[in-house]
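Shared between the two complexes below is chain A, which has chain B as its partner in the first and chain C in the second.
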Partner chain A sequence: MEAKPSTANLVDKIVVPGDVVLDLSSMTNQTIKLGGGLRQECDSVSVIKAGKLRFSKPNKYWVESSQKRYVPCVEDTVLGIVVDCKADNFFVDIRGPTIAFLPVLAFEGGTRRNIPKFEIGSLLYVRVVKANPGMNPELSCTDASGKAAEFGLLKDGYMFETSTGLSRMLLSSPTCPVLEELGKQLSFEIAVGLNGRVWVNAESPSTVVLVSNAIMNSESLSAVQQKIMVDKLLQRIK
Partner chain B sequence: MEFVSPEGLRLDGRRPTEMRQLRAEIGNVAKADGSAVFEMGNTKVIAAVYGPREVQNKSQQMSDQALVRCEYSMANFSTGDRMRKPKGDRRSTEISLVIRQTMEACILTHLMPRSQIDIFVQVLQADGGTRSACINAATLALQDAGIPMRDIVTSCSAGYLNSTPLLDLNYVEDSAGGPDVTVDKVIYVDFALNGRVKASVLWDLWLYFGSYGLKET
Partner chain C sequence: MEVDRADGRNPNQLRPLACSCSILHRAHGSASWSQGFRFIQTSHFYHFNLFVFTSKCYFCYWVGSGDTKVLAAVYGPKAGTKKNENPEKASIEVIWKPRTGQIGKPEKEYEIILKRTLQSICILTINPNTTTSVIIQVVHDDGALLPCAINAACAALVDAGIPMKHLAVAICCCSAESGYCILDPTKLEEQKMKGFAYLVFPNSILSVLPEGSSLVQGEPMEHGIITSVTHGAMSVDDYFHCLERGRAASAKLSDFLRRSLQSKLPGDLSKAE
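Presenting the complex of A and B:
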């Protein structure tokens, strides 16, 4: 009854599942890389997750979307909460579809004799090592070369949960405007997990509260609006 | 009773092919992974999606795809007279099954093996077309949760009263006793996932009107 619509240029526009992004029959002899949120069906590439379509030269397409739930990917750095300790693994909740395992030996200089003791509920900064669909992801507290590199237990501070889109924005380079503005006036420590968890620590609780609120408010604001918002918050405490 | 006046206006002043006002909101339920409120005229429905998450009943776990569960319920205060049994009656079970089958066909379940996706739909105000509003709300909630889907599913009901095909029936028109159909369609791909007919008369005309309404949705 209805003909397929012509594929207008949807790059940098919001797309919904079912939108056809590329018509491959008209592009031959090209290698195209598809990232998350896109699927190839015979001759067309269509969207499977709602979000903004992005394109980076020369040939990468992906859909940027922001959700509450995290999909584990290899080499992601995330913040996990320990839920159980077994003989071989710690069970760590990383806000994904399944609980993740952290092998007891996956620490720098880890042997059977110096197994760290984490209480249930501790917050860890870890790296995802294995993430296959249908299997529990595996984590590690070392980087690829085996060094500790800031991974491990996060003490004190305050952790809050946001969407995955906001964590990606906080980790983008150049530094996100919100963090830059806050960093000019306050000193604090921050750990951002790609699974939507952010940990903030500072000398005084009021700084922690201010930084957390500033970050939570900044998701839908543009760079200029973020600077104005941070300025307003900082003026209030002076 | 006259459902379509001689000038061609229905009881609420609409034309036969006119839909009721649509409103949608996303992200209302903070705890859910995805949620949506969908209104079609006076019918108001809220949908909440949880998942993909660990399967709670290990015996139902499927090793190659995700398990989709759906629960449809009507709030006690949603209809004119207060309802006594909002869940578990035959109609709710049937509509839950219908919504589950529709969404399962659309979600790319093979990307999330051994996990579970829960869709909870509750009718807050019922004025005809609750099934359609539920499917529309469930689609929006699934997209809010970021669950990969083949396409958007939209749904609309159509009926036939006073020798006129009507689109998007409200409660009075729905309970008038004429035949009606709810059409769910995936945009741009021509197949109806789910069509239910009470009397098999003038099927083509209804499908035409049903898809006309879906284009507007």
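Presenting the complex of A and C:
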């Protein structure tokens, strides 16, 4: 069944809390998936966060918005900072409402005998495995099959904080213009967490500074503007 | 009924509104909301006879009508503090900062009214055991302060991405001896009138539902009242008169709120196309 024309009108439009975007009574025998920012109320779906309503074929709806605050969600990859080490858990700050727990055994081949040692303040690339309301979120340093898969400690480099919208833009595919332009001329390592933390590492400190500045500047720029901005920055170091 | 207002507005006319979001760097969400302009550039004036030109200055003063301006900052959701912790619901705390001096009884009252209003529009069950702080800084007060603060707080909550059922728009209505009522009074008018009411309505929403299906007992949702605070003596008829005027004005206010929230969001947030 095709969506009603009035529904199509709200897709890709900016919606504010309270707007009713879907009428479920006219969409029976259809499965839809609701993402962030939407809520079902009886026979209608309404918006709870301001942003752009997005629709992806075949059946996904969500509201895209950008915040300074991160709310943990299962399967998100985030950058966390170790704030405390206890016998069973590392306490990790992931910019969420509460501290997250990283069990000491949640590493590839983790046993009681080889517990990794992290100093307080070290930066980790981790995955959120549990995010239930009323509980502290739980993290893991392995992928779903138990492999280390790039997760773990990030040594050296520079970490800065951005909005969740910018970090999502950096992770989008195809690669966002700012990273693509930078990658053509410079070599650097980057780790982006969905919680708005970005870690950059490169051979020389000047590259790190340049890449971080370019990313921080790209927040509100269009694709073409991002390219121009990166070109200007690159010319300056030549 | 013709009413003379000091600033030449007609009774149903609001002062010019201004709203800007994300203005504070550290806060998770912030907004400023102002009603009226203290200074208006000479190139923009429309009530020529009401302006007094200040010498050597390209600004002029709008006599009698000041501005009410409020800054709202939202921090959260953050881990619940001992005081307001609730394992089942998110709690909202409101801190009112007056322009000068300590907070007194009226400010405490404002805090409680604002807190209850925000509690009713936010969905508190999504982030249980967290606290969201709303800090209201009064920048300038010239009447209708609480409605202005409610509007600012609402815009700041949206900016912070706090889950909400719907938005709220607040308006102040004054009723005078002779039975007429005026909207969005200045401080001077507020003092002259025999009574005034702060009314908070839900915003008008965009809906894909067929016409009329969202009616609650035969009335559209936005006609409901979230908060109503009255001061002074007011007859029942006067109150309903205020309510009717307030409802009419709330539609304009909610249009304005929607427009200012839309302009805050960058259009190129998604690179999908």
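The definition used in the following text is that the second predicted complex is superposed on the first by the 225 of 238 C-alpha atoms of A that agree within 3 Å, B and C clash if a C-alpha of one lies under 4 Å from a C-alpha of the other, contacts with A are read in each partner's own complex, and residues count from 1 in each chain.
Criterion: contacts are C-beta pairs under 8 Å (C-beta built on N, C-alpha and C of every residue); 3 or more make two chains touch, one makes a residue touch a chain.
Computed from a predicted model, the values in this text were never measured in an experiment.
Enquirer: Once both complexes are superposed via chain A, do chain B and chain C end up clashing or fitting?
Expert: clash
Enquirer: Could you look at A:Ile48 and tell me whether it touches chain B, chain C, both or neither (first, second, both, neither)?
Expert: both
Enquirer: Once chain A of both complexes is superposed, is A:Gly134 in touch with chain B (first), chain C (second), both, or neither?
Expert: Both partners, chain B and chain C.
Enquirer: Does chain B (first) or chain C (second) touch A:Leu22, or do both, or does neither?
Expert: second
Enquirer: Which partner chains sit in contact with A:Ser172 here, chain B, chain C, both or neither? Use first/second/both/neither.
Expert: Only chain C is touched by A:Ser172; chain B is not.
Enquirer: Have a look at where A:Glu64 lands relative to chain B and chain C in the superposition and call it first, second, both or neither.
Expert: In the superposed model, A:Glu64 contacts chain C only, not chain B.
Enquirer: Looking only at chain A, is it chain B or chain C that touches more of its residues?
Expert: C
Enquirer: Identify the partner contact of A:Glu181: answer first if only chain B is touched, second if only chain C is, both if each is, neither if none is.
Expert: Neither partner.
Enquirer: Classify the contacts of A:Ser220 with the two partner chains as first (chain B alone), second (chain C alone), both, or neither.
Expert: second
Enquirer: Now for A:Ile14: first (chain B), second (chain C), both, or neither, which partner does it touch?
Expert: Only chain C is touched by A:Ile14; chain B is not.
Enquirer: For chain A, which residues belong to both interfaces, chain B and chain C?
Expert: Common to the two interfaces on chain A: residues 4, 16-18, 20, 39, 46, 48-50, 65-69, 97-99, 133-134.
Enquirer: So in the complex, which bits of chain A are touching chain B?
Expert: Residue list for chain A touching chain B: 1-2, 4-5, 16-18, 20, 37, 39, 46, 48-50, 65-69, 97-99, 133-135.
Enquirer: Write out the stretch or stretches of chain B touching chain A in their complex.
Expert: My answer: residues 33-34, 51-54, 63-64, 108, 111-115, 143-152, 186-190, 211, 215.
Enquirer: Which stretch or stretches of chain A touch chain C in the complex?
Expert: Checking each residue of chain A against chain C gives 4, 6-7, 9-10, 14-23, 39, 44, 46, 48-52, 54, 64-69, 71, 97-99, 133-134, 165, 169, 172, 174, 176-177, 220-223.
Enquirer: Can you list the residues on chain C that touch chain A in the complex?
Expert: Counting only chain C, the residues touching chain A are 27-29, 76-79, 87, 123, 125-130, 158-161, 163-167, 202-203, 205-210, 214, 257-258, 261-262, 265-266, 268-272.
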